[in-house]
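Structures follow.
Two complexes, one shared chain (chain A), two partners (chain B, chain C).
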Partner chain A sequence: MSRKMILRVSVAVLCVYFVIAICAPLFTPFGPAEISGKPLQPPGNDHLLGTNDLGQDIFCQLVYGARITLLFGFCSALLSVLISTTVGIVIGYYGGFVDEFVSRCIDILVPIPMFPLLIVLTAFFSPGVLQISLLMGVLGSIHGIRIIRSQVLSLAQTSFVEGARAIGASDFHIMSRHILPNVMPVVMVKFVSQSQHLLVMGVGLSFIGLWDTTTVDWGTMIQNSYSSGGMALGLWWWLLPPGIAVIGISLALAMIGYSFEEKFNPRVGVNRI
Partner chain B sequence: MMSLISIAGLSVRFATRSECVRAVDTVDLEIARGDHLALIGESGCGKTVLGMAVMGLLPENALIRGTIRYRERDLLQAEDAEMQRIRGKEIAMIMQNTASSLNPVIPVGIQVSEPILLHRILPAKAVQAEAIRLLGAMGFDLPERAACRYPHEFSGGMQERILVAIALACRPDIVIADEPTSGLDAEVKSQILHLIKKQMADRTLLLITHDLGTARFLCTRVAVMYAGEIVEEGPAHDLLSLPLHPYTQGLLASLPSAGLHPIPGMSPSPSHLPDGCRFCSRCPSATARCSTEHPRMSVRGARRVRCFHYA
Partner chain C sequence: MPGDYITNYLLSLTNHLPKEAVDQFYHQFGLDLPLTEQYVLYLSNIMQGEWGYSYAYSVPVFSLIMEKLSWSLILLLPATVLGILIGTVLGAWSGWKSGGKKDLAVFNLMIVIRAIPEFWWAIMAVVVFAFYLKWFPLGGYTSIDILYTGLSIPDVLYHAVLPVSLMTFFIATGNYYVMRNSMISVIGEEYITTARAKGLDERGILWNHALKNALLPMITITTFQFAAIIMGNVFIETVFSWPGVGLLTTEALRLRDLPLLEGIFLLDTLFSITAMLAADVLCSLIDPRIRMGEDV
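Moving on to the complex of A and B:
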């Protein structure tokens, strides 16, 4: 398959996920927590993907679970990219003490693996989904700050930035109108790769059971099936759907990320824009 | 005539850890309204730094002394906000590196309209039309289409025209043009020079160049800079036909039309300037006094020259 086809298919897959998440009530006859049938029924006419140990419809859980999982992944990615872009541009543009200070802090934070750190933090503070999302956004922005700062460092020295100063532009104007458009490609690539990364990490966290286990998302679904021995009992319809859903979106995002990177980064691949 | 900009005792130094670079040293310069003044000198003589000092765009580590008076105020003492109001609106600059002075990801029409929007010269609705008018005045055949294009779609000459349009967008009093024709071929260069001459007819121009031909064509007055100071200044025609200072004589003799006789030696490093005349080591008519004593500016009619032979 050509690169272009892969990108198209991935974007289509992503769109399907979003449509399903947004229009969840249209596809589902039952609510996600509604006990709608006998427990542990295999897939059939009444229940498209069977039921779990409480008699909840797996298909409905899967569809509603998409909402939380996607919202979580994309919100934290958006936050992380917002932070990296703002902080990266500001410290790269002004330089000086603040830049030095932030850069050293980042140097300290970068080697700390994020997932274990998150596990420790969530285990201590037992925050809600929203707080975890914020926390992941902040932690996930660290690497991006570095990348964007390094880009801005060279952009700030260019003649067109000097030229913008010569027409009387303020620092804010230069950062928002001249530097931001030039780092936008990097920001886009970072956003896509961060959404994939953080979405999977979110599923991981909820699988471990580190957030409110009553919310229905893919991680909790896998966790429930796992802890009730669904795997050992051969209840594939309980475990596989959320697993495949996670793999699907993660693959789609990864492929979009690679295509973007190839497009925007002349050193990777051959398709220059 | 009252001068529009008067620079007095301007010194710019860059202090690094190990040494102090004297880029501009006690420069006095008067630019009258409507004057077209060329600042001539070789690379590294401080002419760009002087231009940047007038714009207030020198980096933080520059130590600046002296005054630059412009309309009853000292530009060196002005607040940042005030300098932002002046830059682009009253004093505009045509930047040195043509190709990299335009933002690669913004259509040129927007870049031309940017100074107009920043200084709120026109209501927002009229800005687009004004940008197109400016591009048309710069010689673009289809300014509407040119405005939507990106800088890389234009040739060097066209990019230079865009830079001129940006500089003139707010109808500034003073334009500082830093090497406006560097890197252009002879044909395009002469077109650009004619364009600049036409547009500068009722404006004040400070041209920074190393090209004597450009200076002769565009300017009424010439100041020659050497190793951070002005060594000779006067009306363009007089100065270029009968140079007084040995350095100016050397410059003219090094032109291809005069037989391409380069000045022997190198200009002194701005971090280790000699005590005496700075041109002393390369000067064919240097005397013992030249190497020990620093010459002052001596006035001869409309001209000034920094050389003992005319004192």
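Moving on to the complex of A and C:
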């Protein structure tokens, strides 16, 4: 399969996930927390993927779980890219004291390991799903600021920026119309790779039980099934679906990310991948 | 995840919360002070080497972490060394052959491996190799025989095989990317073209020109990976119930044992700062193009 084909398939898979997440109530006969049948029923006509130990329908949990998983994956990635682009462009463009100050602050923040910090912060503030995704977004933006800044530093010296300044364009105009389109490829690559990274991290966080278990997402489902010995009892329909769902979206995002990188990153493009 | 340690603990014992007990606990650990005051107290304690007491284990945090760290090291030391070696060799080979069919196959395989969450690999490994094939134990660090025979090293190693191989696998894929990218950018350099134009044989170019330069970014990555050892591997240790720092973290999290969590996090941060410093110094020692201080 060629890269183009892989990219198309990945985008299609991603769209399917989004449609399922948005139209969740259309697909599901029961709510995610509703006890709708006997516990531990195998897949059948009533329950497409069977039921868990409480008698909740696994298919419904899976579909509603997509909402939460996608929410924290993409919200946090969007926020992180937004912050790193804005801050990176502003400090790269103005330079001088602002740049020096923010860069030193980032130097201080970079060595702090993100995952443990996230664990400590969630343990301390016990936030909800939305707050955690905001937190992940803010923490995940730090690395991106450096990348965008280094791009903008060289862009700010180019003649088209100088030309724009000479005809009296305002700083905001230059930043939004001349610099932003030029860093857009990097931003796109960063967004896709970041959303994959943060989505998997979010599922991991809920797998180790970081947020309250009343919100059902894929990580919680895997955790529930694994800790109650779902697989050991031969209850494959309980453990496999959420895992496969995570793998599907993570693979699709990874493939899109690499295809983008290949397209936009001249360094990788030198020797054809 | 709401609640703090004492309310959780008391509620698991009885249904009502004795107010005096909660107040006493707060007072004993200084939790009734304002946050700023608590922070100043924490800082001054850290400066004096007092890392605080764990709520759940009632022992000093530092010695507890150190004890668990030695267990984590059993897994992570071999995994890190092996992972770095395998990843570097595979990445170098793949980068040198970049664009070829074999390189593409390995590269795509690595993307797929990387995209699947770590804990999922771990669960699947337990299910397949331990549960269905029964080649390895399901988890833990020793078998039940320890009660009669005492802790035996072969037994512990036997329990460590599966987690170590999984971690090796992961560390290797991470290194593979860095090494491959580095190799690709090095063989695009002009000095490689020059070497070819001089008529050097390919093997000589690979060993003397390409590999040496491509290995430079690996220094930074390697020091970082050694720093990451301290955190243990939360997912793999949790899935395999290996009594290391990673499992300690999830336990502390479950019990809301804040001093313990803070201790683990602090140690982790200190390690990564040291690793950054070490990476900078090493890079400037090895690469003459990077200089420290004087002429920046």
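Going forward, the second predicted complex is superposed on the first by the 268 of 273 C-alpha atoms of A that agree within 3 Å, B and C clash if a C-alpha of one lies under 4 Å from a C-alpha of the other, contacts with A are read in each partner's own complex, and residues count from 1 in each chain.
In this text, contacts are C-beta pairs under 8 Å (C-beta built on N, C-alpha and C of every residue); 3 or more make two chains touch, one makes a residue touch a chain.
Bear in mind that the values here come from a model prediction, so they are computed numbers and not experimental data.
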| item | value |
| --- | --- |
| Joint occupancy of chain A by chain B and chain C, clash or fit | fit |
| First (chain B), second (chain C), both or neither touched by A:Gly243 | second |
| Touching partner for A:Arg104 - first (chain B), second (chain C), both, neither | neither |
| Chain A residues touched - chain C or chain B, whichever exceeds | C |
| Partner chain(s) touched by A:Lys4 [first = chain B, second = chain C, both, neither] | neither |
| Which superposed partner A:Lys38 touches (first chain B, second chain C, both, neither) | neither |
| Touched partner set for A:Ile208, first chain B, second chain C, both or neither | second |
| Minimum C-alpha separation between chain B and chain C after superposing on chain A, in Å | 14 |
| On chain A, the residue positions that both chain B and chain C contact, one per complex | none |
| Residues of chain A defined as touching chain B within the complex | 158-160, 162-170, 173, 177-178, 181-182, 184 |
| Touching residues (chain side chain A, partner chain C) in the complex | 110-113, 115-117, 119-120, 122-124, 126, 196, 200, 203-204, 207-212, 222, 226, 231-232, 239, 243, 246-247, 250-251, 253-255, 258, 267-268, 270-273 |
| Touching residues on chain C, where the partner in the complex is chain A | 1-3, 98-99, 104, 107, 111-112, 114-120, 123-124, 127, 131, 181, 184-185, 187-188, 228, 231, 234-235, 238-239, 249-250, 252-254, 256, 258, 261-262, 264-265, 268-269, 272-273, 275-276 |
| Residue ranges of chain B touching chain A (in the complex, touch as defined) | 55, 57, 83-89, 92-93, 95-97, 100-106, 114-115, 118-119, 163, 166, 169-170 |
